[in-house]
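Below are two complexes that have subunit A in common, paired first with subunit B and then with subunit C.
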Partner chain A sequence: MANARDEILEWAQQGHIPPEHMRSALEKSGALPDESQWRTFFDKVLLSMGAVLLGAGVIFFFAYNWQDLGRFAKFALVQAPILAGLAVVWKLGIDGAPGKAALITITLLVGALLALVGQTYQTGADTFELFAVWALAILPWTLAARFPALWLIWLALVNVAIGLYFNTTGRMLGMAFRPDKLMWVLFGFNTIALAVWEGLAAAGVTWLRERWAMRVMAVASGYLATSLAMHDILDSPRGFPGGLIAWFAWMVVSFCVYRYVVKDLFVLAGGLLSLILVVVTAILKETRFDSAAVFLVIGLIVIGISAAGGWWLKQVASEEESA
Partner chain B sequence: MRKWIIILTGVATLALVNWTITQRENQITNGKVARLELAPVDPRSLMQGDYMALRFQLSNEVQRAITEKKEDAQDGHLVAKPDANGITRYVRLHAGESLAPDEFLLRYRVRDHQVKFATNAWFFQEGHAKIYEGARYGEFRVSPAGEMLLVAMLGKDREKLGPALPSTP
Partner chain C sequence: MKTMTKNELWSQLQHSALVQGAMPEQHEKHSPWFVRAMLGVAGWIGALFLVGFVVTGMAMGIKEVGVYWFIGLLACGGAAVLFHLNRRGDFVSQFGLAVAIAGQILMVAGMSQWWEDSSFTAALSVVFVQQSLLFFFLPNYLHRVWAAGTATLALAFVMGRADLYALVLPLLTAALAVAWLHEFERPRQGDMIRACGYGITCTALLMSYMNPGDWLDWRTHSSVPTDLAILQVRRYMGQGLIIMVIIGAAILLLRREMVALTSGKGKAALALAIVLALASTQAPGLAPASLMLLLGFANGNRVLTGLGVVALLSYLSYYYYALHATLLEKSVLMMLTGIALLSLRFVSLRWWPTLKKEEPTHA
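And then the complex of A and B:
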């Protein structure tokens, strides 16, 4: 992680490298990408853009020709590229970039196909069923592909399905819809997903070791924990503070894990943001937004926590470099 | 091995989707015909550009029956019967009993405090709203389990309005 680029920039700042030699220093240390690295990069970008645009192209084509296509032509139009994608997987395997790009595209097309069938034959099925069936249909692919991006798509689908399910049943039973119940379920789901992912990655499943994927999940889980805490402060100040307790536990556990075990500055910074949000919410609630002085205090607190947090994060980062 | 799991489950997904499609097509051609009378809706919210909001007379009767039972409104089936003109009439809520020969089941869902049969909307090509202004009945095809598919809108003499939908390829 401590990379040559940061080090060279630091030397330059301290005057050890004269400005005219910066470029060659960066090139020699490998901090600037060489030709083959650029080529790999472009290969990847073009491939993934091609895959996404191909999927979008199919969808736009039949959206534009909606009236002129019979329903069987539409089904065929979505199914043919799915078969083609499976053929790509067959020919090129699943471990290379083309196979993975094909898999992402057909994952999206399966959703389009399910939506198209649901739109053509309106049986009154609820929208959450579409997302649940979609997630179920791609689950075997997700399990077999060893591909973090596909797992994230799967997790997103399950999140949407859970959200829509609560929306539908909440109204169906005629009760007042309680948003915090949904937040609890999603918080539990995403936190468990994150914990399992981190656990498996630590236990030696190398293909899961993609920090960006874990960060996406940490953002989801942390966002929900923060929302639960804010919900407790604002909407049910007299009830049992379950949300605040969960948030506090989340903060402590993620601090320990991402400070001492995995060391992830991104998540630590997110934790600071969450701390600021909850503290400010609590102050605003206590003071009922009623005087200008409160805003001064809040401003100072935000500046204070951010400055201290920034200093602390830099500390942690430099410790990482010397390690 | 992993590659084959992906290919086989992919093919299985397509097969399942296509099996569902044939089931629905079968229901559209062979399902029992049910003609439900439309209840008047607020005309301002009736036509929405490319669809028309639907509310059926039967919904009101189911609503009344549910309210009388004083239970939480839930999804269920009702027993229906065609009258002399072939219009489907409400008989009773279904409670698992066996049916008389001319009776059949319709499945309803309760969403947003409203009783709903399959769909609450009839979609048409933009600009075709005029064709459906005089609609009086909705024609469904019903599976033996009571699952419904809306296939056409009918005028006051039970004539089909506009192109039959879903349009044949």
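And then the complex of A and C:
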């Protein structure tokens, strides 16, 4: 069944559950949190918000570059919480919520420490090097922690490092830099990361079976595939349509994997949106807009694809509900 | 519970005398939130092309912009008929949505002649009334989310132009709290309440990114500038209101959950609300995002909870660049709030002990 909450809300809307019984029905079905779930939620909110705000606060502080504070005081200010965080991890273990919250804080503080080193000693390093070293520095505990959120932070850092690297070298080499080159590298990196993650999850690594994390990566990979296809259509109509081919391959593989193997409707819905965008871009490129009818036809095509896609997704959803 | 079938759920509720009779036939298959979101985005793209069709088709014949308003009204009327005649057809729903949005864009374009007459506030007020009426008369869930969002957005800008911008986010946060706190009270109108809740929530999130300086571009230039002392009073009023909204929402939620304010859990929840309320006076975007997280969890609404998490992280990223305070002030606020939350976690273990041994978490 998809969701007890949705079923109860629909039955109540149809009048099958009286308003005075609505809450009891939701509680009875487990759609509303019980006291134990409330306690866990409360704990997670305090730990995760507290850890993130503390870490981000230290980063903001060093970004301000307060001149009145000496370099030793600055280093102490960032290193002391790192040591305290490590002590928390050592004392409470890496698997519990406090240990994981401490790891997130330490991860953010390492970035602040690296920025402080660059700021204090004027190392001359480029910004992409900061992010690359940051990703490298947190890799040991990212590997050890078995924590999906930390892996996503690591992937984000590598993405930023790649983006900044291309921007920097692009500026240095002038015309040699092509923006689609960056898209290709990011597309390759994120798609490989997604494939590895899905593969390991399917192979039995249970802590990686967090669908939300895989969806974040699928969005990144799909967005880049769509951008490559649109770039091919708009900017290089006569060249080799590598972007379009990559997008098409991405669509076919995603359809097969997420329809029949993993069964994730979220990615299928994203694929449909990607299809609409690419089809509209292709029509826009080929059309001269010399009559109102063109607008009407494109509008109807968009409505038709999305309506048919919505209907199909509902069928898939109901198949999975009844499975 | 997740593995329970629909029939089993019905039997369980029947056994508890919460429902009677046979399980009803399902009229419409459920669409997950992301399918609805995809349809909404596609509907919007489709609407833009329909607008292009009307504008291009009329460009040669009609010079009077006001005619667009009339055509837009007809389009909205047509969409209303489509929604009433065929509520469950996928193509019809999607077509109706695109026609309705296109109609509204044309109506706003038709009103642009008023804006030239310097009465932009009046036009925004009309948009607010127009979208509010369409919310009630066009019975389509996605359209209602859109209408509620745009109506509140128009109202926010009306307030902003009257130099009442300090009250915009606190009032929107209050409205979203009211909508989600009462989600289950009128089950017959459940879809309408949820659509309204999501619409207001989206507008509140958008308004989180407006600094006082950003409002200056929107204010009425023809009127006499509001006295700085009055603006300062309004700022304090906004801060007071945001404190009241967060603490008030926490108290109402505790009452709804039948938790005494003096109990350990009540004290812990109120302490969290106070910390968030105080931080929100300096970082206002924290207020709607944290209430979404809290009320989403309380109502078993995973979409709202997830949206709350994304909103908190996005606001934090934006906050770095927000110009209303220096990085030093912002860093002090964040460090103090972080320390307060972590300390509260330590203290709350005494007020509200964990019920069972904590399992490893992947949050």
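In this text, the second predicted complex is superposed on the first by the 294 of 323 C-alpha atoms of A that agree within 3 Å, B and C clash if a C-alpha of one lies under 4 Å from a C-alpha of the other, contacts with A are read in each partner's own complex, and residues count from 1 in each chain.
Heads up, the rule we're going with is that a residue touches a chain if its C-beta (ideal position, glycine included) is under 8 Å from a C-beta of that chain, and two chains touch if they have at least 3 such contacts.
Every value quoted in this text rests on a predicted model; they were computed, and no experiment measured them.
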item: Partner chain in contact with A:I233 - subunit B first, subunit C second, else both or neither; value: neither
item: Subunit B versus subunit C as contact partner of A:T123, first or second or both or neither; value: first
item: Touched subunit A residues, subunit B compared with subunit C; value: C
item: First (subunit B), second (subunit C), both or neither touched by A:F75; value: first
item: Touched partner set for A:L114, first subunit B, second subunit C, both or neither; value: first
item: Partner chain in contact with A:A144 - subunit B first, subunit C second, else both or neither; value: first
item: Touched partner set for A:A218, first subunit B, second subunit C, both or neither; value: neither
item: First, second, both or neither for A:I106, with subunit B first and subunit C second; value: first
item: Common interface positions of subunit A, toward subunit B and toward subunit C; value: none
item: Contacting residues of subunit A [partner subunit B, same complex]; value: 67, 69-73, 75, 79, 82-83, 85-86, 89-90, 93-94, 99, 103, 106, 110, 113-114, 117, 120-124, 126, 137, 140-141, 143-146, 168, 171-174
item: Contact footprint of subunit C on subunit A as seen in their complex; value: 1-17, 19, 21-26, 28-33, 35-36, 38-61, 63-64, 66, 95-97, 100, 147-149, 207, 210, 212, 265-266, 269-270, 272-273, 276, 280, 289, 291-293, 295-296, 298-300, 302-311, 313-315, 317-318, 321
item: Subunit C residues within the subunit A interface of the complex; value: 1-6, 9, 12-13, 16, 18-21, 24, 26, 29-32, 34-35, 37-39, 41-43, 45-50, 52-54, 56-57, 90-91, 93-95, 98, 184-188, 190-191, 265, 268-269, 272, 293-294, 297-301, 306, 312-313, 316, 320, 326-328, 330-342, 344-345, 348, 352, 354-356, 358, 360-363
item: In the complex with subunit A, residue positions of subunit B that touch it; value: 2-3, 5-7, 9-11, 13-14, 17-18, 20-21, 24, 28, 72-75, 107, 109-113, 116-119, 121, 125, 147-150, 166-169
